[in-house]
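Pasting in a structure now, in structure tokens, and then I'll have a few things to ask.
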Amino acid sequence: MNAILFVEQTLNGLQFGVTLFLMAAGLTLVFGIMNMVNLAHGAMYMVGAYLAVAATQWTGSYLAGVLLALVGTLLVGVVTEVVALRTLYERDHLDQVLATFGLILFFNELVAIIWGRAALFSDLPQALSGHIELVTNLRYPVYRLMIIIVGLLVALLLWYVVTRTRLGMLIRAGASNRTMVSALGINIRLLYTIVFGFGAALAGLAGVMAGPIYAVQPGMGELILIQVFVVIVIGGIGSIRGALAGAIIVGMVDTMGRAFLKPALGALISPTAAEAAGPALASMLIYLLMAVVLALRPEGLFPARGH
Amino acid sequence: MTEPLLDIQGLVKAFGALRATDGVALDVLPGETHAIIGPNGAGKTTLIAQLAGDLRPDAGRIRFAGEDITPLGAAARSHKGLARSFQITSVYREFSALDNVALAVQAHAGHSFRFWRAAQSEEVLHGPARAILDEVGLGSRAQVLAANLAHGEQRQLEIAMVLATRPRLLLLDEPVAGMGADESQRMVQFLGTLKGRQTIVLVEHDMDAVFTLADRISVLVYGRVIATGTPEEIRTNREVRAAYLGEELED
Amino acid sequence: MRARLVLLIVGIAFLALAPLVATAFDQLFYIDLLRRVMIFAIAALSLNLILGYGGMVSFGHAAYLGIGGYAVAILAHHGIHNGFLQLGVAVGASALVALVIGAISIRTSGIYFIMITLAFTQMLYFLGISLDAYGGDDGLRLAARSDLGGLVDLGNSTAFYYLVFAVMIAFLYLIHRIVNSRFGMVIRASNSNEARTRAIGFSPYPYRLAAFVIAGAMCGVAGYLFVNHTAYLTPDFMHWTRSGEIMFMVILGGIGTSVGPILGAFVLLLLEDLLSGMTGFVGQHWQLFIGLFLVLVVLFAKRGLAGLLPGAQRND
Amino acid sequence: MVRNPVRLFSAALLATSLVAAPAFGADTVKIGFITTLSGPAGIIGKDMRQSVELALEHLGGKMGGIPVEVIFGDDQFKPDVGKQVADEMLKKHKVDFVSGIIWSNVMLAVAPTVTAAGTMMIGTNAGPHQLAGEMCSERFFTTSWQNDSTPEAMGQHLQDLGLNDVYLIAPNYAAGKDMLTGFKRKFKGRIAAEVYTKLGQQDYQAELSQLRAKNPKAVFVFLPGGMGIQFLKQYSQAGLRGQYPLYSVYTVDELSLPAVRHAALGQFETRYWSPDLDNAANKKYVGDYKKKYGKLPSFYGAQSYDGMMLIDSAVRAVKGNLKDQKGMIAAMRKANYASTRGKYSYNVNHFPIQNYYLLKAVAGPGGAGDVPVMQIQKAVFKAHKDSYYTKCKMKW
């Protein structure tokens, strides 16, 4: 196997992984702290992508567009939490699944009403559209490198917030012992709203960055949502560390599976059989991984303690 | 000396650096009511959980009726004759009192892979269940949903469920917790009627109840048994007074 | 309680007479529409056994709809049209797959259970897509409907309707018996208070697994009927949104209530049909209204639609 | 707003009072048009619907002097829903024709249902090989194409260019495999690799890395809808646009071009139709569409417009006697109407015998920043017959 190709695929896996992480971080916290299954998390991703396109067009500046989109997604998240989701925290998972699925349909149609069903045009700023030669023969798109860097920076920032700040202390306490936090006299509703809003903004950031490379269209959130669920379940719900580990693992496994599974299978079984089985198996790989992880560790790799 | 019904040796359970149970040794003789007392955080809950089979100990051994039951789970221990009540009332809230007890009877009436006949029409389940409800004084409340019973009645119901499994040993985790004075007294009275007929391990904060009911008392402090003896011996034990009763008196 | 019984009888009578009325008014479409709704009601009923009574939130129940469908379509593809044999294979295969999925999944709980059942169904979905021999994503056309040896002619719209109707009523009764039997009491008790259930001496696992297998097999029957209804099979039968739909029917109707799933299936599918057939803004954006409807039901009808029926305050 | 409650009532009245319809000269021509109107794919359905409405406008709302009513149905991209909507069209609305259908799997569920009920089905997009071959029916016509013909044209084109080492990419599902099979039927050169991606996949960077490592001479892809938009953007961002010429089918069209823009420039597609096809019918259709809806139509729309015109030709031929199905079939077989693709004829299996062109995405009239447009380069096939008609047992 070609070493350069392998490095390049590793970068690809990493890039996919950090995108998943941005989505997973908010979702796992909302799960862990509010004990809330939020299927509508993908909708925030979509809202982020749409707002970035709209705001970039409106301001004419990519950076301003991105910032406005992040603020906008945060606001949409907060409003959604206050209007609809807040009352669901005490309900069981079933009600949450039903209501947030309703929200998916609602947001998808709302976006279709405002911007139409056609995919929107969303492009890279000039400065980010080139490639750089990392080492000889390894040219990599600047924009994808930027995604990796932004993703890792956000991970670092989250690590700092969660382990080094008072908010982080409350978040960790909330994930492991909900009653204790409320016993401390913390305004728990406000904490929830803050966590939800930032979770939405992180999903929005993922959407903003995905816009220029993926299709910005209604329903784009659901395509990635299921994979994000796989990530947080593998990582262990409520754990940021688990979300990061899960995201990188899923990103790598999926990418490597698509790239190398067929040739690898071809060496084991006949090439024609590999031709048929390879792509099918590559599609199933992350679900297979999840089933294996849960069969061995029913609470994921890094369970948040105290549930 | 008779063979102990329950025999615990060197039981250890640690959560991280905290050794909640730190080499507990204890024996319970057939027919006796053995109380376990100790200040908050002494490790009583962890000990009960290990006895009931909800927690696996890190080290040590639990023998019941001469048999090592350490690796068994809660359900299997129930079939060996070990029955527990919970500190926080644990009944099936959406079932009637009678169905609650009938379920306990059913658990010890062979397998339950019977899909057709309505369990509520099975006299083999409901007959014994009704008798036990009468025994604990809930006979007139049999058809009431457990959720609609008063707190004291729910605790009585739980005792009824425990009895319905025809246990050889009762593990009672704070049976009078949260009860009013009247209810509490009635419960103590009822437990008194079981004395001698049943072997009981009683974990309790209410010292009146403990000294009324117990034949022997073990005192748990920081995960260790610091003393075991008759109520009189414990009352006069200086170490116990210092470590435990002293604090209690200050409260 | 009496009001609910009256409603149930009225509902059954309505469904029993519907084909006669539809035929009299030459509106045969309604026979097909109601038949499809009832097939989904059967799937929802089976899910309710584990979800409503057993507390097992399976987000992959469409798997058995697919397996039941594939059993019929694959056998038919190879020229085997015997409906009884097909039914046997559909039920057997569904039960077997449920046994495997359940054996692994039931070890987990809560959200993990939701996700692992979803993961297994996703695997089956992608497997279906890559089954080239059986049409892959394009699916398979049923060359002929299941041949039930002159007992019921599935080609006859009305006869097929009554078969589905009979199966639905039978399953309603069957589940009623199961949940009130010793087995059902254990399932419900384990859902209500697992620690207590272990403490009185039950190991919930084998009972839960058995319930999971029964529900899978029953949904396999729904798949058998569904593929005969559409005369066409695609892996889409197993798509995760389909699992979601079945789940929503159960929740919408009211979980753990006997007729709730049927109610949920009727309301959701008929509402979809009604809204999507409208003209103008509503028709073009009907999913917006379905979405709002789901949110509002959760927020304001806490026990599902069955909770709005008279006599629902009783805590059954 | 409920769908025709009055009609339901009047239908009931009709049925009960036994008022029979006149033997000929029906009072309306009813067409049930089924397509995907909800979800992401609703964009295709919308284009089809608008084209149908435009066709009705051009026909003055009448076919052969009889008022036309079109009832639209949403299949939600699901075969079983499609079948239910078809049943609704047939049994509730009692339509005279069913038309539309985007997806092959929906078509395979719907078409036999419609034809078995004795009603005529005019497909306006999906052309699965089964319907062109062993499942062909005299009541089924299509105004589009057989699925394989378009990739066959591209295979032929690359064969003509004498290329070797072509890299093939398609999603891992039936249509994806059919497309590559169709391509290889005409392309006999060396194939660098044949890659199947996940259906609905968003990110192609891993595949693009593999592609570059193989260093092919050209790339052929079939990635419809959102997959195509994503692939083209990423292909261009990876800097492969100038490096490896990209050929595709059903990947770039007037619906996706506004979202892809410059990332599609230089892209080659094959197709039987293009907005710049030079004939009077097409000029009128494209011009009026643009005037009415403010953008260019796609081939989905053109086919749907043709579908209405084909039905009109049949209704006129039998002078409004919709009971004369034989007469209508005979009329349709002549394809005697002004199609947007120009003159064509029907094969024995009721699939068109038509030209296929090589198209290229070039800068739009507004220059580099504008939405690109497809431009015909040359005809690859003239009067091309599909590869399955010999399996169709129909004789006429």
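In this document, chain identifiers A, B, C and D correspond to the written order of the chains, with residue numbering beginning at 1 in each.
Operating definition for what follows: contacts are C-beta pairs under 8 Å (C-beta built on N, C-alpha and C of every residue); 3 or more make two chains touch, one makes a residue touch a chain.
Because the structure is a prediction, the values reported are computed rather than measured.
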| said: Starting at chain B, how many touching-chain steps does it take at least to reach chain D? | reply: 2
| field | Distance-maximising chain from chain D - centres being C-alpha averages | value | B
| request: Find the most central chain, measuring centrality by the gap between its CA centroid and the centroid of all protein CA atoms shown. | output: C
| task | Between chain C and chain D, tell me the centre distance in angstrom, where each centre is the average of that chain's C-alpha atoms. | result | 35
| Distance from the CA centroid of chain A to that of chain B, rounded to the nearest Å? | 48
| query | At what distance in angstrom does the C-alpha mean of chain C lie from that of chain B? | reply | 43
| remark: Multi-chain contacts in chain A, i.e. residues touching at least two other chains, fall at 108, 112, 279-280, 283
| field | Contacts with two or more other chains, residues of chain C listed in rising order | value | 126, 129-130, 132, 287
| note | One finds touching chains in the pairs A-C, A-D, B-C, C-D
| Which of the residues in chain B end up touching chain C in this complex? | 52-54, 73-76, 78-79, 83-84, 86, 90-95, 99, 102-104, 106-108, 112-120, 122, 125, 145, 147, 161-162, 164-165
| task | Could you pull out which chain C residues touch chain D in their complex? | result | 24-30, 32-33, 36, 126, 129-130, 132, 135-139, 141, 226, 229-232, 234, 236-237, 273-274, 276-280, 282-284, 286-287
| Which residues of chain C touch chain A in the complex? | 51, 57, 59, 104-105, 107-112, 114-116, 118-120, 122-123, 126-127, 129-130, 132, 240, 244, 247-248, 251-252, 255, 285, 287-288, 290-295, 297-299, 302
| said: If we count contacts the way the header does, which residues on chain D are in touch with chain A in the complex? | reply: 39-40, 42-43, 46, 172, 194, 196-200, 202-203, 205-207, 209-210, 213, 226, 229-230, 233-234, 237-239, 255-256, 258-263
| field | Complex contacts: residues of chain A adjacent to chain D | value | 2, 4-5, 8-9, 12-13, 15-16, 108, 112, 116-124, 129-131, 139, 141, 143-144, 210, 212-220, 223-224, 255, 258-259, 275, 278-280, 282-283
